[in-house]
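Take this structure, written in structure tokens, and hold onto it; I'll ask about it next.
Chain IDs A, B, C, D and E follow the sequence of writing; residue 1 opens each chain.
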Amino acid sequence: MRVTQRVRRILSNYESDTPGTKTNLARILMHGRLAGTGKMVILPVDQGFEHGPARSFAPNPDAYDPHYLFRLAIDAGLNAYAAPLGALEAGADSFAGAVPLILKLNSANTLASAAIGEDQAITASVEDALRLGCSAIGFTIYPGAESTYEMFEEIRELALEAKDVGLAVVIWAYPRGAMSKKGETAIDVVTYSAHMACLLGAHIIKVKLPTAHIEQDEARKVYESEHIDISTLTRRVAHVVQCCFAGRRMVVFSGGGKKGVEGIYEDARAIRDGGGNGSIIGRNSFQRPRDEALALLSNLVGIYQGKA
Amino acid sequence: MRVTQRVRRILSNYESDTPGTKTNLARILMHGRLAGTGKMVILPVDQGFEHGPARSFAPNPDAYDPHYLFRLAIDAGLNAYAAPLGALEAGADSFAGAVPLILKLNSANTLASAAIGEDQAITASVEDALRLGCSAIGFTIYPGAESTYEMFEEIRELALEAKDVGLAVVIWAYPRGAMSKKGETAIDVVTYSAHMACLLGAHIIKVKLPTAHIEQDEARKVYESEHIDISTLTRRVAHVVQCCFAGRRMVVFSGGGKKGVEGIYEDARAIRDGGGNGSIIGRNSFQRPRDEALALLSNLVGIYQGKA
Amino acid sequence: MRVTQRVRRILSNYESDTPGTKTNLARILMHGRLAGTGKMVILPVDQGFEHGPARSFAPNPDAYDPHYLFRLAIDAGLNAYAAPLGALEAGADSFAGAVPLILKLNSANTLASAAIGEDQAITASVEDALRLGCSAIGFTIYPGAESTYEMFEEIRELALEAKDVGLAVVIWAYPRGAMSKKGETAIDVVTYSAHMACLLGAHIIKVKLPTAHIEQDEARKVYESEHIDISTLTRRVAHVVQCCFAGRRMVVFSGGGKKGVEGIYEDARAIRDGGGNGSIIGRNSFQRPRDEALALLSNLVGIYQGKA
Amino acid sequence: MRVTQRVRRILSNYESDTPGTKTNLARILMHGRLAGTGKMVILPVDQGFEHGPARSFAPNPDAYDPHYLFRLAIDAGLNAYAAPLGALEAGADSFAGAVPLILKLNSANTLASAAIGEDQAITASVEDALRLGCSAIGFTIYPGAESTYEMFEEIRELALEAKDVGLAVVIWAYPRGAMSKKGETAIDVVTYSAHMACLLGAHIIKVKLPTAHIEQDEARKVYESEHIDISTLTRRVAHVVQCCFAGRRMVVFSGGGKKGVEGIYEDARAIRDGGGNGSIIGRNSFQRPRDEALALLSNLVGIYQGKA
Amino acid sequence: MRVTQRVRRILSNYESDTPGTKTNLARILMHGRLAGTGKMVILPVDQGFEHGPARSFAPNPDAYDPHYLFRLAIDAGLNAYAAPLGALEAGADSFAGAVPLILKLNSANTLASAAIGEDQAITASVEDALRLGCSAIGFTIYPGAESTYEMFEEIRELALEAKDVGLAVVIWAYPRGAMSKKGETAIDVVTYSAHMACLLGAHIIKVKLPTAHIEQDEARKVYESEHIDISTLTRRVAHVVQCCFAGRRMVVFSGGGKKGVEGIYEDARAIRDGGGNGSIIGRNSFQRPRDEALALLSNLVGIYQGKA
């Protein structure tokens, strides 16, 4: 399939990148059922690290097998599959070339987090991404945490290294720390975090869907004086897109914990209508039985194709 | 001896590794009396570091001599011998090629631990492993300790370095820190730790045999709602194997402190019947007189051969 | 346009630098409407990092688009445009050669600062500056903060690296920490900070306009005994210039928060008359509508041309 | 002089080392009046660092001159001279080849120790040892101190570097920190420390002569149940030798502060009879007038030659 | 001018150094009015960093210009000029070859020191010293401060790097921290600090003139029992020289704050008569009007020439 006009327009926004990196962005954008549309649905599976294997895979025990997850991403026609080192090592050869891979380079875990606070360990490297045939690296930042600046300095180095070898960079921007629990999904905090991810040089930014809550007093003044419309989810998505260099950087949204399918579809329509670039959907897909998951993902893809 | 079908099947699970690393895994799996069976019994001796020489070797003073330990592993027909730098330096030439070696790269000690807390010092390097003719590096992680993320970042770097030169990676996963004493062998904690070792890129994982205790509230809910069977040691071993990428990564079990031989045999049968890959047995072998130790190891090997 | 006598005299002050670095200093001094005068007006945009996107760009939403900011600097005929990594990546190709670029290598943010204290994260590198075609790197130091020495050691390394590849070095000297709020713009503190930036090897120093307040008791004694004239803004600027190696290093001034245009013009006249090298003006330009901003910048340039 | 059988037997214990490192061990063992016996007397002078020049050298002011110390080691026919960087730099050329040198790579000092706690600074490097023609590096570890693991990681790196260039490694094992003052020379603590030095890859271990005190409860149980004989100094030395890989690693003993010559001779006889490899004797030699010192060292050498 | 016998004798004390480093020591010793005498007067100007520009230069405003300071050192016929990076960059080309330069590699400042404690930042590198044509690097250590060991490790690395490229190493030994204010110039503390600088590999040591105060109890015992004569400044200088490897390392003295010329001359005579190698004189020279400063320096040089 030829690279579409729409994808070529998106690629042109990454004007400082090498053809190597643009090729890897194109691989993600030209793969699966959404190929060429500029929209993406990505399967991320780092819950084993974050919450342990039973909490992640017991609801659908087939998912204990890393091959199952590769197959799910492939059979659902998704754009990419993102996972930590070991999980990709266990399938990267069997499924070589079958789906673009994003190697998640850092991870937290609930066993350690009580003792450590908000931070993540670097658990893989750019060299690993290359030897496993990945198209991108993934990295989580915690804007607002005590570890923020160290995380920024880590991704600065890893992103430069990735770009030097033609890989794309996906930043998971998850605010936490110096804010209320509610503030972690506040519109001002989510947009601030997404904007910093852009400034750090990300090609694709992942954030949670924002609420209409405003966390920072100084920000609230501006939202009110400038009448920024954050009344609906669609408007909030549009505002996030605006804060990602007026749409020059792609942004995808996660939906959080397990929930009903209708909620997922509504979210996706808001992402689509607000100009977002797609969904990144983990537990809501791999924790369901395979048939249910494929049906859900098919519907989700359909929404981004404009069919619902 | 030709590499057996069973071993070839196991090696195929390490699909992202180089032929160099697979060769070293094969060396371990094709050595000794369990050669070709896919099962392993490994002799680890890091007690000198952990508890000092008298507590380790006075019960069987021949073991003060590093050569004695090499000979014990060789004469018992074990798959590998694991020890710290100096202990391998003292025998690697005399016994070159006689038994696969695992160089333990980090160590704790009870003299310092009161002052330092849960952590280990890196006391050897991948370059040492190469010059001593080792087949693998060994590394301990403490999931749950304050040092967890630093240890993860250390093994990330060392594992990549090891794989680059064709060595295999064995991770000792010993949870501690942010949990109760009982929680260190809880089924949810052990499986979580083993799973993280897999995600960190280990080829072989070493854990303690888990109890039926569940430490984490969030995990307990899932164990109950999903009816995960952890009622017998055999079932718990099977659950650990499941959490190691559904059996795509090898897992061996340690038995803890010195105990009666019948207990050791029962443990081994449960490991075997649950699908585990074998035993790693230190103090229970080298602290016994040589004849007793050889008899015990012979019986242990027999159990993995299906003879008891 | 030929390099003017005035610029050649300025370049001769950078006597230890390579022709490469002098060329990049000349690019900044010979660009735009002030080309050849030895004066500069620079557009810096790091507010997205410092205060978030809405507080920075909502007053003039066109500025969400990185291209708008490039165009503003180009159309106003400014000497250079300074911004963080992602913002330059988003336009460096479209506007290649159209305006000298300064890559800001470190940044703070208000989301994290409550948790972290006075510090900045390094968010870009000299290699990034080269691949984006920049003429200089920019770096903030916080003299007086707990992080002072680490920041000094960071810029030591980055400045040497920059000079080795022919880039110029701009240091933002922003005192804070071990002083009163008023002390951050005190004449003794600002001159001390500017002088240290010179000693650290900066080619261009950026400071805030100083007040007549004196913060340090030891300094006050000297200001009084030696009758240093700090009675007017013009005299204070002249004293800053004196403290920058008696004028051998260029110093530009920022005006702080948004304010009326007359205040900005008065400041500029004092900078000019005191022998300062120009203005660095961010929020006061890009937060205004484009026409207003261009008018303001045109007047500012006029002042440095001696027209007002 | 040909390398003796006894020395060749000792060298064969260093079976993993290169001919380069064995050559340097041979240089130490084949030098001076004890050449070929497998016994050593070494002159160490790091008291200038540890206690300052006046406390070290005022009792015998000739010793302020580094050449005096070289000459003392040479004229007494000792096996090696160990000192910090500057002290070796000041004589290494004048006395090139006249006595094997051990460059001490780390040092503590009493000026700083109150402010810092138990630690040492690295004050020289392997490259220095090479350029000064040394045969070995020396490094102090403090088992039990908060700095233990960092010191272990430092020597891990330095020892590997030293072995890579054919130098030998001498570890000073000085327990302190998490123990009573009395515990620093307790038999269980000294043997534990010596054993860890072996495991860290030392060729020669230096410890203090141990007392019959047992510091650790867990160790005491074993000493009692296994009836380890620590009743005389000779038996304790033998137990230290046993804990150094059953004699496969050489161990030398220091005598502590200044004391009477008869005490020194008694210690040496116990070291000799217990199978230790010799004495390392600083203040007791260089703080005496040269004639006295030479007489004392001559007697000491005589004891190791079996003459007294 | 031919290298004198006296200088050749001094150079021979640096027996482990390369001809490159000896050449740079010779450049310093063979330059200016004291050329060939083995004595030195050095101009150091790091007060801008330490106390800020006004406190340093307002008493003699010509000194704001870095060229003034170069000229002062040259016109007074001094042996060397020592300053931080930026100050040398501003004149190293204009005065290339006119006076040996010492690049000061670390600096403290009073703005930050309240927040940071006793430490210095590394603000220049050996590579900078080479590109600026310097003969030596300068480095301050704070024996007794919490930062002592880190500073030792920094100079270890920098000194090795400097010697590798043929530069000389000057250590400013300024005790502070774990001692009384009076103790900072106590004879035991100053000699201990100077001795450690020698052990760290310095070629030239700079200390303050010591008082007869003894700070450490353990040292006092030795000073009394060994009857070390510290009754006059001349005797104390001689004792410092003794502690610098019995005169094998050169030591120069600073006089502290601004004071009367007679006091300066008396100090110099004591330095000369005690066998010290000269003076390092900053504020007392550059804060005076040029004529006065030249007269003072001329007299000082005269004293070292034995004329007064």
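Definition applied: contacts are C-beta pairs under 8 Å (C-beta built on N, C-alpha and C of every residue); 3 or more make two chains touch, one makes a residue touch a chain.
This is a predicted model, so every value here is computed, not measured.
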Using the contact definition given at the top, which chains are in touch with both subunit B and subunit E? D
Report the inter-chain centroid distance for subunit C and subunit D in whole angstrom, where each centroid is the mean of the CA atoms. 58
How big is the gap, in whole Å, between where the Cα atoms of subunit C centre and where those of subunit E centre? 36
I need the residues of subunit C touching at least two other chains; which ones are they? none
If every chain is a node and every touching pair an edge, decide which shape results: line, ring, star, complete or other. ring
Ring membership in sequence, subunit A leading and subunit B after it, reads A, B, D, E, C
Touch list for subunit D against partner subunit E, complex: 48-49, 51-55, 58-59, 61, 64-66, 84-94, 107, 109-112, 114-116, 119-125, 127-128, 131-132
In the complex formed with subunit E, which residues of subunit C make contact? 13-17, 143-146, 148-150, 152-153, 156-157, 160, 175, 177-179, 188-189, 191-193, 195-196, 198-202, 216, 218-219, 222-223, 226, 228, 242-243, 245-246, 248-249
